[in-house]
Amino acid sequence: MKSGIFAALLLVAMSASGAFAQGAPIKLADVAELSGGGATVGNNWKNGIDLAIEEINAKGGLLGRKLEVTHADSQSNPGVARAQVQKALDNEPYVLLGPGYSGSVKVTSPLAAEAGITQIMGGEAAELTQGGNKFLFRTSFGQQSSMPKVAKYVNDELKAKSVAIVWVNNDFGKGGRDVMTKEFAKYNIKVAADISTEAGQADFAADVSKIKAAAPDAVFIYLNEEESARILKELKRQAIAVPLVGETTLVGQKVVELAGDAANGARGHVGLTTDAPVDLVKAFREKFVKKYNYVPDHNGLKGYLAIYMVKATTEKMGKVDAKKFADTLHGLTIKAASEPGILMDVTFDEKGDIDRQGFLVEIVEGKQVVKQVLPKLN
Amino acid sequence: MTVKGKYLRIALGIVVIGALIIVPMNFNRYGLYILSQWAVMTIAAMGLNLTLGYAGQVSLAQGAFVGIGAYAAAIMTTQGMPLIAALSVAVVLCFAIGWILGYPALRVQHHYLAFVTLAFSTLAFLVFRNEDWLTKGIYGISNIPRPNVMGFATNRPLPFYYFCLGSLGIVSLAMWWLIRSPWGRAFIALRENPVRALSLGIDTRRYTLMAFAIGSALGGVAGTLYAPLTQYIDPVPFNLSLSLDLLMMVIVGGSGFFFGPFLGAMIAVLLPEWLRFTQGYYLMLYAVAVMLLLIYSPTGILGILDRYLAARRTKAASALRAVTKSKLETAS
Amino acid sequence: MSNLLDLLVAGLATGAIYALVAVGFTLLWQTSQTINFAQGEFVMLPAFLMLALMHAGAPFWLAIILGILLSLLLLGLGFKLLLVDPMLRHGVLPLAIATMALAIGMKEAVKQFFSAEASPFPSIVPAGDISILGRVVSLQSLGVLALAIAVVIGLTALLNRTSIGHQMQATAQNPTVARIIGVPVERMILLTFLINAFLVALASLLITPIYLAKFSSGEVLGQAAFIAAIVGGFNQVRGAIAGGLLIGVVDNLAAAYVSTQYRAAVPLVLLIVIILFRPQGLLGRPEERTV
Amino acid sequence: MSAVLEVSDIKKSFGGIKAVDGVSFDVQEGEILGLIGPNGCGKSTLFNCILGQLMPTDGEVKVDGKVVTGLRPSELNRLGVSRTFQLLQVFPKLSVRENLILAGQEHQGNMMSRLLGPSDAGLTATADQMIGFFKLDHLATEAAGGLSYGQQKLLDAAMAFMGGPRLVLLDEPAGGVNLTMLGDLKERLTAINREKRATFVVIEHNMEFVMSLCTRVMVMAEGKLLAMGTPAEVRANPAVIEAYLGH
């Protein structure tokens, strides 16, 4: 009798907690650069996240539970990022998303690791994943894996003996420039001009005339989209005819839109691009444009992918378990065939770096043309 | 009335200090971080309040001094030196640079002085960013340790908050002493009427330079706390906008009032946090709030209080006069 | 040598942009001691007003006209009545702080209600380059330069030839005396705010195709214009033009011959030197009035 | 008796206009010297040249036999030369007592002791004495800005005496002061002159005031010294009458 009541109570309690588990949303926390110098980065990231969550929730959620995300603004300032991540962690999220600036990642990743919460971020600086942090994951290639591909291309295909490097003087640009300089040294390619520029710079006349004076075989450009467009215009104006090589930010659709004709001939390595010749990516782009009325840059893709990383990992575990999340994601391969949201097959290694297909593209008559597909390593 | 007012003020002070010590005990890490940030910014704003509020010298470079202090702390403590050593270096360095920056104030005033200091602020940012060998440039310096204070580790948020609060307490006492001392009086004279001050034997040059140097040194003190607070610094937070923020704190709180920086820093640090529930609108609302406040009271929050007290005093005085008058009338 | 000429031409083109923004700066200072920290954002906003109108279906020419009218209303009348008037008599600083807050508010509003993305903006000057003495210069830059010169000539003519101009000058030099001799000081001050609003709208129209419409584009512009205004002379319209052109050229030469990392430092050092040794600026007159 | 102030051949011109054109005079210890002259005759410019506010174009100023030309006003003040201004120059936000302490503090100790020492620089007693002397007793803690004009004028004068000066230059002390206050002021100045052996130079337009206060009067016109003598002598001087009554 007594045990009967007890069993009944237990049953009620269990079903209640079960119902609770069924109904309670899964909390995710995003801290991103929604204002300040990185606002474009952060807002793309945020929009990508929101789009993915909307899709998943529309299809019944993750393991039957809705996803819920809070967005917090880091003001592109590491000190504020730290406060907001602290706040997010105090609420014990399932997974922490962001930030996008490498400096902000550096200041926040020890906090997430200490709390045992997985952090999926947008930073690309090489050193982020070198510190042995077991809870930190990228959403795109780190510079240590994308830059060697560009350097190889400059050496093998362009046969350049000297290059000019133009970079934007923030952590993104400086990071790329430093890795690139080392790579060029390996191929004995001379850096004929090393030109730093400011974020938001409008006038590239002096920079381009420096390139002109250095007369390199190729120019490596590592700027944000808007500045890329401006320097392309100026390069055209000063009639510099050598190959222009860069990364996603030189050959994206946005740059073509802003630079017009001047973008023709620019080429580069693209890890993540809405212009990739992949049907799923094209579909993503359409959905994004429909919802937000503009074409996202690679940060939009990163945010979108971050959510599908959460989905795939959770489904792999079969339950919502924050403690086991990072372990599960390490070494995980997510196939686009089984999880279309991941867009392209991807593998995460023990450091949290990713392995994925990449592309070498060139702008031809205002369109990205894929010249070479760089296969996934394993 | 004044005696009663005095007791009231002491009681209020004790309540506020007690609250600052006791209430945060069960705050989460985020709350403690924000409060620590408030304490640090208050110290920097107090420095600017001395230069601007008391001595009347406009400076748009306070953020640069916070940066100098933060870099001194970051560079030295990551090399294994104690924070107190970094603090001494920061104070001496900021004092000296502040002194030099004061020289233009002897030639030009007001907006021109603002422009010179503004230029200095941006130059400092460029140095932080470009001199990789010293500051690690745009990559910043990470893993800045938190200090041990008299044998207590301050790694956890609560002890570190008390460390910041304690520092704020010490700085406040020192500032209170300074303001009450003949120096404080000389600073006010410098602001109100430099020509008259000069004729009273006040060496306005030396006091001007001192106001800059001491104010800047306090910026350095704030910086040496900022570095272990965030445990990572890069040049971006120390650009011109920090100087402008600090200026905003001083003006919004009430320039030239002792407690102005406390309130100003509260508005600048806490108000955006309170408004965060409005998501994308929070900075907009913050900006609107600051504008409305300044339109309502261009002398800041304490300006409102000051006006209220002045009005009450006038009312009391006229009431007193009325009483005396009626007494006279009844007597006659 | 040919390189140097290229740099000079490019510097003048950028300098013309700074100059155009700096003119309004000096106007506001002269008549009402307003240091407008939101001047860069004032240039950013009209382009977005016009874009919004175009999105609503207005043709480009109509969007321009309505955009300019809205700018006059918001950035001229609204700015003066709502922000400047209540604070003016409390000195320069609180108002300067309020304009900083205004700058934050404007940036955030554009970001929130429009986009954080940069948008291209149609150009009223045909895109394309033209060759002058063998240097390739974009027509847009020439358009900006031409407008900047036209503005100076126009404003100088207005100030020196017309009775309204004389009244404005009297207001700027000594409002108390001006009031006594019957100048409608209030109306003159309002007029300068409207002129400033008109100028920023024009500047926006010409600059945005080059700079792109972006919520943050005012930051760089505002600071450059600020420095230009001081270097040239804070109280002279032609000083602002000279300062703008000078800063544009100096910036380019610094990037080419000093260091790209420290290019921003050179105009600032110039600024400090000028303030210390010629505080009225290169073309300014010494200030008679203490503030 | 020795000369406290010796002024020799002071000249000051502003862009070709000679505001002061070669003025020389001595002031003896304990004397009250009046300086009168029509508006724009260079009185205030002369004052400013003596006091270091302006650098004279030519000439020399000696205090107690020591050359002080070109010294800054603050340095001069600490040598015992004090002044008041034509317009009221008290610090309105400070209390009456604070104003007086401020006026005397730089004469006490050094920079260090003024920072670390007592907040009143040990001057409360002296200030209160001065307050008593100038009959401002009940106002010690009031903000100076709240005082009546005449009271502020008294405070302004009192401030000039806080540093225990050897020489005080008063620029129109009677300007705008009502008759009762004027009597007070004159009486106080005479008393302080007598008791403290302080030497005065007074610029004043109020003839009555000058003639009754001063022991000697000096008249300036168009930047030059026109006449010098006892009040009675000056009053009788035809050149002075000419200058004042015009042509």
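Order of writing sets the chain letters: A, B, C and D. Residues in each chain are counted from 1.
Note that a residue touches a chain if its C-beta (ideal position, glycine included) is under 8 Å from a C-beta of that chain, and two chains touch if they have at least 3 such contacts.
As the structure is a prediction and not an experimental result, all values here were calculated from the model.
Asks: What shortest step count links chain A and chain B in the network of chain contacts?
Replies: 1
Asks: B-D versus B-C: which has more C-beta pairs touching?
Replies: Higher C-beta contact count between the two pairs: B-C.
Asks: Among the chains, which is located farthest from chain A on the basis of C-alpha centroids?
Replies: Farthest by centroid: D.
Asks: Rounded to the nearest whole Å, what is the centre-to-centre distance of chain B and chain C, using the mean of the C-alpha atoms as each centre?
Replies: The mean C-alpha positions of chain B and chain C differ by 32 Å.
Asks: Can you compute the centre-to-centre distance for chain A and chain D, using the mean CA position of each chain? Integer Å is fine.
Replies: Comparing mean C-alpha positions, chain D is 76 Å from chain A.
Asks: So how far apart, in whole Å, are chain B and chain D when each is placed at the average of its C-alpha atoms?
Replies: Roughly 40 Å separates the two chain centres.
Asks: Using mean CA coordinates as chain centres, what's the gap between chain C and chain D in Å?
Replies: So the centre of chain C lies 50 Å away from the centre of chain D.
Asks: Chain C: which residues touch two or more other chains?
Replies: Each of 108, 111, 261, 264 in chain C touches at least two other chains.
Asks: Send over the residues of chain D in touch with two or more other chains.
Replies: In chain D, nothing touches at least two other chains.
Asks: Listing for chain B: what residues touch at least two other chains?
Replies: Chain B, residues with two or more chain partners: 129, 280, 283.
Asks: Let me make sure I understand the interfaces: which chain pairs count as touching?
Replies: The set of touching chain pairs is A-B, A-C, B-C, B-D.
Asks: Using the touch definition up top, name the residues of chain B that touch chain C in the complex.
Replies: Of all residues in chain B, those touching chain C are 58, 104, 107-108, 110-112, 114-116, 119-120, 122-123, 126, 129-130, 240, 244, 247-248, 251-252, 255, 280-281, 283-284, 286-288, 290-291, 294-295, 298-300.
Asks: Provide the residue numbers of chain B that touch chain D in the complex, in ascending order.
Replies: Going by the criterion above, the answer is residues 178, 180-183, 185-186, 188-189, 192-193, 195-204, 206.
Asks: Show which residues of chain D lie in contact with chain B when the two form their complex.
Replies: These residues of chain D touch chain B: 51, 53, 72-75, 77-78, 82-83, 85, 89, 91-94, 98, 101-103, 105-108, 111, 114-117, 119, 121, 159, 162-163.
Asks: Within their complex, state which residues of chain B touch chain A.
Replies: Touching chain A from chain B are residues 28-30, 33-34, 37, 129, 137-140, 142, 226, 229-234, 236-237, 273, 276, 279-280, 282-283.
Asks: Considering the complex alone, what residue numbers of chain C touch chain B?
Replies: That would be residues 35, 37, 82-83, 86-87, 90-98, 100-102, 104-105, 108-109, 111-112, 223, 226-227, 230, 234, 261-262, 264-265, 268-269, 271-272, 275-276, 279, 290-291 of chain C.
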